[in-house]
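Next up, some structures in structure tokens.
In the two complexes below, chain A is the common chain; its partner is chain B in one and chain C in the other.
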Partner chain A sequence: MAALPKRILKETERLMSDAPPGISAAPNNDNLRHFDVTVAGPDQSPYEGGVFKLELFLPDEYPMNPPKVRFLTRIYHPNIDKLGRICLDILKDKWSPALQIRTVLLSIQALLGAPNPDDPLANDVAQNWKEDEKAAIAQAKEWTRLYANGE
Partner chain B sequence: MNTNHPLLASLADEPPPFPDSHPQLQRLDRSVLCTICKEIFRAPVTVTCGHTFCSECIRSSLSVMTDKKCPLCHATITEGSIRRNRAMEEVTEAWETARDSLITLSQPVAGPSRRRPPPEPNSKSSSSTSANLKRPRRSDESRSQSPNKISKKSTDHVDHVVSSDSEEEEQVQEISENDEGECPLCSARMAIASIPMHIERGCPPVSKKKSAPGNQKADWRKVFSMAGSTKEKNVSMKRITSPNYHLATPTDLRNILNEYSLPTVGDKPALEARVRQWIILFNSNLDTEHPKSLSALRAKLNAEEISKKRDKERGRDEAVENLKTTEGFAEHVRNSGAEFERLRKEIMERDAKRAKAAKGLEASSAIEVD
Partner chain C sequence: MSSSHIHFPAVPPLESISDLPHEIYAAQQRQHQQRLNHWSSVMCPIPTCKRYSPIAADTILRSDVSVRSDDSNRSRSSGSPAETLASGVLYYPPPSALPAYTAEIPIRMEPNTLLLDITVDKILNLVKTELKTPFSEDAYDRSSHRSHAEYEDDSDDSEAEAGPSGSAAMHTSLSRDMSNLGQPSGTSSSHRNKRQRGALRPVGSPDEWPFRRDLQSVIECDVCAMMLFDPVTTPCQHSFCYKCLSRSLDHSNRCPVCRQDLPGFAFFQDHSVNRVLLAVIKTVFKDAYAERQLAIEREERDALLDTPIFVCTLAFPGMPTILHVFEPRYRLMIRRCIESSSPRFGMVLPSHGTGQPGTQGVMEYGTMLEIQSVQMLPDGRSMVETVGSYRFKLLEKGNLDGYTVGRIERIDDITPAEELALEQSSLASSSEDHTALGLATDAILDAGGPTTTPAFGLASSGGAIPMPPLTQSAIDDETRSTEEYMTICRSFIDQLRSGSAPWLLQRLNNTYGTMPTDPSEFSYWMALVMPIDEYEKAKLLPIRSPRLRLKLIVHWVESLRSSWW
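Up next, the complex of A and B:
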């Protein structure tokens, strides 16, 4: 195992000892660049009460390149596709090495609270969201109950 | 939560933080940290928007960015706009030397000893025994050289960087002796080294003014020949400008690597990666009062390359190994089975559609076919 940059160690330590509310992240025992993450659906969102599993991977070039994050739990969200890929600017062109795992996960949590159907990744979901927001939200709640019940 | 994780053990030799009772000191402590590596500034530099980073951090982060922006405020910046921040370097160093004593002072006076009680028995012992109130990095160097600092600054940094550490101090001494100084008795100017002799002779008028620079020249030659004897080439200590990697041939890249006595093995991507990394290391090494020797830089480059290679191979092996075991394969099937099925269906449908379309076309325009 190649030497981990001190920064990754420090971030990990802080994540484990002082995690942001509603978020947990712990590295795999055999690959310290690979994190198992859970994010609680934010209050007053269709995902409230759900616990979403994600995986996060720090590439070699981290922090020069963004971490790779993916939802493992199915979620009905216009910016998250069925493979769990996330459309979030800071995970792509807006990444900055001054950001960190903590800020990324907080942004993802915020994305759950503020879906943006105008910049969709899952086109069908975004379409529904725009045409009939109520139905889409009901669908999201249903999926949260079905898939994100923390089991 | 797994608090016995190996990670936490390796962080044990971190310097202790300031207690919560001193938020202002905590803030000061944070303000000398680079926002990229989260460590205390090494060779701090400032970019156009005024934000400061370690030279190596900002250079390597710019090298991977397609549109180059400040990591903190997203202002457009260029590598050419990077300027050395000497004041910050001074502050950082001063803070590092003062930090431990401040921690001691900020601790509530409870124990019998006024010395900071080490939080872990082995955590800081090495640094506190070797130099009781200094942190390990730069510890002795910065202190012991401080009397020479002025003369050192007035001379060139060239040999200072080229030589390995042990020779470095000798040479600094030597050069400072060759600087001109005033005789305390007759205030004639001459090389500092020759002042004692001059006084012993009873202050004869200095007639051979030209001998001093000649002497210096000889000494410089000596310096360089010494550098040569430690197998260092006479490398110019100027910033390297990046070549145009699209146009550069492998030979061009090899020439650059040769110039700095670096390995020239590998294909073009490997050479390019090595040149890029070297330029980052080399240029950021010029942004500090305490540059590392070139051999140390080479060792660092080599270590980085090896660890990267190992990581790459490891990842691949693991993926392949995983597929070999039945559970691994089963898991792979479970994970990607549905997706595979979907793609297969899609292709089948597409083929069917195309066949149908082709048939329709044939039927309607059989004449045009050939």
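Up next, the complex of A and C:
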């Protein structure tokens, strides 16, 4: 295996020493391209108070290709599906090598603060969200309480 | 971070998404047109740049003369920092940093205006701030001396002085750049003045000086997060390492930072480096830059220590293979190959199924391809003409920046003497003792193969498509000489030729060349033109005797003939 690129080392170092508020990311000991991530639900969102676990993997061609990120904690969100996959343009076609793990995680946190049912990944959730936003938000809060309690 | 001008709005704008698709499309079209117009009006005053325009140079020179005199006056009289510095690029007030994430980037440039070099601009801002910061008189006195001496003696580059010389160096390098543009020299005294005045603030070790640290983060490449190496500046005025930008262009035609469309790969291919930036970096971080250069060279060497492996098709020694390289990872591989003194890479077939442990996903045997020519297309794809040189066994494989690399072991044919002995012994003994022959065959198959089955030793080539098993008649073929095998093959080719349209023949001849006479080359040539499965053909690769390869080919010929009507 090729050595870990300097950029990944640098990013890891900075993530460990100076993590953005509400976000933590630590590399796996077995595979330094694999990160265990937690993201705190943003204030004034249905996910407030929740701590969400994610996994992040840097493919061989990172930073030319985007990292692969997935929610491990169950979450009720129109842009996140049952498998934890995330619908976020910067993880797909809008990826740029100038983006970083940090910016990706911040965008994911921002996505929690601004669910977008018009570009859904989880259709049923998006449907609920559009038809009865109040109920959907209540559901999201309930799931946050049930699953994202940091245990 | 140097990517500070990328920021994400806390709440993405939802309104824009509710737009109708055709409106979004129209907006994109408008934006694209806007960008095209925009690029067409961008001019560069640097004569080596492709967008060089004498008008641009003129404008700069004229405006710069006034700036410069103004500048030197001020630094002499009031000591206040210069508003505008001579740099070879005309500076307008920087546009407010635009979020990279906005759907539509407004372009507010007037036609025929010049863009800002964003990195240089940041450096200038740093210098301005630094000049404004109060500093201790003691420190100034002490280091003013030192710095002066250093200025006279360029070769002195000790760490202690690299720091304070930072911004000073910038002025000198910028002025040097100006003189490249035909600016009359003789302004250096005013620059020296300025340098003594403002640029010195030694507190603690050089690495800790905030100015130095800030500068370091400004000259970081946003792609590799390292100091810019061979900085190249895009038309949108963002700078990247030349290699980083090339890699990024393999994947996308947009600027990594602002996502504006970039001119294609060809535009940057012999694009000159940003000399202003390079001069700044080389002056302030001389040692670090040299170190970085060494590290990059080491990396490139290491990248070639392992053999790059192209997992794609079947190739044979002596035979041409022409490739259209379009995948980003292989573009990078080809670029690295052609930079080396012996441009070559290994070619293996992807494997059926899982393959051998350690070499999963690819076949175990492959052929080394020597690059004969590379024709780069403007967008970075390339047509690569290669010829096979030798076969190899893949011992171990790894991954480098997305493509496969491996440790290989060369496989050569047995010597002609051994070959002759084999032929004679098989001719002599075949009629009586088949077992002895099997043993003899074993001995000349690639010894590295895990198991070698009698006759052809095909077991090691992994996931093979079964051809009809070798029958008694195949073994009886042993009575034939190598020459007889070749005759059978030739007659088969004649049969194929007589049944094919002339254009097909023409094409075969053009692609594979004329029929070779050497048994070894002939065996590969035959394999290439045979209308059978690639994986079946791949069974030839581990066989180290031309005679045995021909024997296998004759076996194919016979089974093809028997199945034809």
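Please note the rule applied: the second predicted complex is superposed on the first by the 150 of 151 C-alpha atoms of A that agree within 3 Å, B and C clash if a C-alpha of one lies under 4 Å from a C-alpha of the other, contacts with A are read in each partner's own complex, and residues count from 1 in each chain.
To be clear about the criterion, a residue touches a chain if its C-beta (ideal position, glycine included) is under 8 Å from a C-beta of that chain, and two chains touch if they have at least 3 such contacts.
In this text, all values refer to a predicted model and were calculated from it rather than measured experimentally.
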Contact-wise, after the overlay, does A:M16 reach chain B, chain C, both or neither (first, second, both, neither)? first
When the two structures are overlaid on chain A, which partner does A:A114 contact: first (chain B), second (chain C), both, or neither? second
So, A:T103: does it touch chain B (first), chain C (second), both, or neither? second
Using the superposition on chain A described above, determine whether A:E61 touches chain B (first), chain C (second), both, or neither. both
In the overlaid three-chain picture, which partner chain does A:R7 touch, first (chain B) or second (chain C), both, or neither? both
On chain A, the residue positions that both chain B and chain C contact, one per complex: 1-2, 5-7, 10-11, 60-61, 63-65, 94, 96-98
Per the touch rule above, chain B residues touching chain A in the complex are 1-3, 5, 7-8, 10-11, 35-39, 57, 60-61, 63-64, 66-67, 69, 71-72, 74, 307-308, 310-312, 314, 339
Which part of chain C faces chain A closely enough to touch in the complex? 3, 6, 8-12, 14, 17-18, 100-101, 222-226, 244, 247-248, 250-252, 254, 256-257, 259, 328-329, 398-402, 405
Okay, in this complex, where on chain A does chain B touch? 1-3, 5-7, 9-13, 16-17, 26-27, 29, 32, 60-61, 63-65, 83, 93-94, 96-98
In the complex, chain A residues that touch chain C: 1-2, 5-7, 10-11, 59-61, 63-65, 90, 94, 96-100, 103, 106-107, 110-111, 113-114, 116, 118-119
